[in-house]
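Labels A, B, C and D are assigned to the chains in the order they are written; within every chain, residues are numbered from 1.
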Amino acid sequence: MNDRLEIAGDPDEAVRGVTDGSTVLIGGFGPAGLPVALVDALRRGGAHDLTVVSNNAGNGTTGLAALLAAGQVRRIICSFPRQRDSFVFDELYRTGRIELEVAPQGNLAERIRAAGAGIGAFYTPTGAGTLLAEGKETRMIDGREHVLEHPIRGDIALIRAHRADRMGNLVYYKTARNFGPIMATAAALTVAEVDQVVPTGTLDPETIVTPSIYVDRVVVTSRAVA
Amino acid sequence: MNDRLEIAGDPDEAVRGVTDGSTVLIGGFGPAGLPVALVDALRRGGAHDLTVVSNNAGNGTTGLAALLAAGQVRRIICSFPRQRDSFVFDELYRTGRIELEVAPQGNLAERIRAAGAGIGAFYTPTGAGTLLAEGKETRMIDGREHVLEHPIRGDIALIRAHRADRMGNLVYYKTARNFGPIMATAAALTVAEVDQVVPTGTLDPETIVTPSIYVDRVVVTSRAVA
Amino acid sequence: MNPDRRPLDRRELAARVARDIPPGAYVNLGIGLPTTVASYLDPSAGIVLHTENGMLGMGPEAHGDDIDHDLLNAGKVPVTELPGAAYFHHADSFAMMRGGHLDVCILGAFQVAVNGDLANWHTGAADAIPAVGGAMDLAIGAKSVYVMMDLFNFARDGTPKLVRACTYPLTGRACVTRVYTRHAVFHIDSAAVRLVETFGIGGDELALRLDIPLVIEGEHGA
Amino acid sequence: MNPDRRPLDRRELAARVARDIPPGAYVNLGIGLPTTVASYLDPSAGIVLHTENGMLGMGPEAHGDDIDHDLLNAGKVPVTELPGAAYFHHADSFAMMRGGHLDVCILGAFQVAVNGDLANWHTGAADAIPAVGGAMDLAIGAKSVYVMMDLFNFARDGTPKLVRACTYPLTGRACVTRVYTRHAVFHIDSAAVRLVETFGIGGDELALRLDIPLVIEGEHGA
């Protein structure tokens, strides 16, 4: 409900209510679209035993990597954990201190979309016959093997957008859009970190990417520079 | 491939190549977004035994109704054939001269999207336990019955958009958007009837709804008035 | 009880439904009777209307120069756009419905059963042309499904439309949460049908005429 | 045969791949070696680059003031935007890939098998951290999958990387249509591996060193 749209005063207020054991969807593809201020607030908030769903598993020592380093994440679902500067994750993984589920990136995206779209499960050709389909139900459709994949729902989604209006309609900026629009649909509570909040009616209705119905809280932060 | 984008001189040229027995996806929700000039050209082209996929089954005596009246459509897949002025369809149906598959509107839309998105099949709660799920495979997911639904692919999609650039990127106009963006992804050949073709680079990349990869031909026609 | 009060007229019914829609709710109004509720929503309550053909923030029906045949509601009637509106395609619109994001949808009905089953798309008559539109998606998708209908089938034989089990083909199972009629308002949950309010008829008489298990608590009627 | 010609260098290899991309094609260039192909595409050919993180119409790498950390390619390198570009979210981007809309994708590989099986995401080593990204979606989604790789594993034991059957974990089955190496170009279809062109090595010698069934037709080499 849009009168529930809350324009939070700071990132800590924006992420309040995240409890131990929550599943947190975190937008971003590398640094682009990563809601750094919200992830930092999540770390300061101290919730533990989190399941994090995000494309990557953190870079360097800040943002998602800092959350991992703080030992707050029990499990991560992502497509590409290993990167040149993913040493925080690498160390946790190698020492058995974090669970990892690797999903092909398109299956990860489609599973998040499915959660938001009320799709119970879907058959995808991606990953069929590979290690990532092991133990999964499969079916031949039109002569091609498909894997049954299930939705990924979040208790909370933390995303970065460009502008919000006061109802919560969102537009994005270039490739920082990435997982934001689908994660916004897939969580019980969606929080967007934005560059600017503009008056309702300012955004062209033809260009809104995330309609207000999907957004519960916004917080204005200065653009992160990677 | 975008060098295949063809700016057709007229609607007849735009629909050439539709053969007997083709499956034709036709955009529109009632009159909004119905590519009237392309449907008229399809009728003039004379292809028979068509399967038409469209939300409605024609209104009055023009457009889709005229195509049906000409006896060119063997089968229609739609969500809402019966309307106040659907007498052409009603008569064909009651006299057994057209096959009808009724699908819940959301399943129709999702099946078209699935075809474009390479999804082999999906489970939806919509229609479970109703006549429209009869004979379909079902599965309990999280305690709720779901119906297995399959993609709907087209040989050709006829849609209406607002503007195209010379690569084929499309933007739409208000609720005329409806089925256009998903049908564009789901057919081997996509033809868009537009108000205007503008130079490439004129449309804001953040606002493009249908990327050029999905569009093969465009034709400029004056806006239909219902 | 206030059995002396007359049944609601259609406008009062629409206003009664409107009163139960929470401020800020995202709402879909079905074709026909439910559409009339729009006129009774408090403009300051921030309620946002969804139309299945791809829009949030739908405004009132368009008149005169405001009519645009590319800006229609689900009943194909020209409407207007409010500040904060957004357009989206059909798969996104029905993802919004199926995904449980709408707070309330209001539908007409042929029959509602005591377990919340809804029948509103097909009379089952042999010569009827089936046409479902978005009814099944709305029935199973919204957080709350309100039905607006006559309590008795006045057009035919006067039999109740709130029934033990639907005899018409179903639209959705166990999905209706509230039933609004000119004679009474009912709340349905997994346990029972509860009488919320009556208009011009007593609760006991209603229970008798409906022939369904009905929970009647305390006083009803305004 | 022109066995005297030397093997291609990396730039020649990128140019050779670029030559096989049809005008107007929609193309995804994988991370690493495939990225180098971009520099050799004819700017007048209207080839449109896709990046999995939500963009069509990607331009060259950004430098200086053009660098924008919200405009990245799949390798997280800042890039630029060309006229006619479009942005979309991740589900739409991978729908485009999975749905068979890209004409060509170019990938690196650990191994390619004679039936077109691709292994490029995981060495299978016990201590390796699995990371797949969009590789599996690209492998099964594009109309044509071109692989660019060394023909022999020079980093290890010099064994061939075009093999009878992959020993590394698969990325996708029977998906590779062309293999481009410094020594030769191969075409793979359901029937056979066909030698298209060689550089600095004879076809017969190649067949011997690879130990795979290889169709050699007429003359090869430039």
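Things worth noting here:
One rule holds for everything that comes next: contacts are C-beta pairs under 8 Å (C-beta built on N, C-alpha and C of every residue); 3 or more make two chains touch, one makes a residue touch a chain.
These are the chains along with the protein names UniProt gives them: A, B = 3-oxoacid CoA-transferase subunit A; C, D = 3-oxoacid CoA-transferase subunit B.
Everything numeric here is computed off the predicted structure, so don't read it as measured data.
Each step here moves to a touching chain, and the least such steps from subunit B to subunit D number 1. Distance between Cα centroids is largest for the pairing of subunit C with D. Comparing chain pairs B-C and A-C, the larger number of C-beta contacts belongs to B-C. With each centre defined as the average position of its C-alpha atoms, the distance from subunit C to subunit D rounds to 56 Å. In terms of their C-alpha centroids, the spacing between subunit A and subunit D amounts to 30 Å.
Centres computed as Cα averages put subunit A at a distance of 35 Å from subunit C.
Across the assembly, subunit A contributes 110, 113, 117-119, 124-125, 172-174, 206 as residues in contact with two or more other chains. Shown for subunit D are the residues in touch with two or more other chains, namely 55, 81, 87-88, 95, 97-98, 141.
Under the contact rule defined at the top, the touching pairs of chains are A-B, A-C, A-D, B-C, B-D.
Interface of subunit B with subunit A (complex): residues 110, 114, 117-125, 139, 141-142, 144, 146, 150, 171-174, 204, 206-207. For subunit D in complex with subunit B, the residues that touch the partner chain are 22-26, 45-46, 48, 50, 55-57, 81, 83-88, 95-103, 141.
The part of subunit A that touches subunit C in the complex is made up of residues 1-4, 113, 115-119, 165-167, 169, 185, 200-201, 205-206, 208, 211-214. By the touch criterion given at the top, residues 51-55, 68-72, 76, 81, 87-91, 93-95, 97-98, 122, 127, 129-137, 140-141, 169-173 of subunit D touch subunit A in their complex.
Note for the complex: subunit B touches subunit C at residues 29-33, 55, 79-83, 89-90, 93-94, 100, 102-107, 109-110, 112-113, 124-132, 172-182, 209, 223-226.
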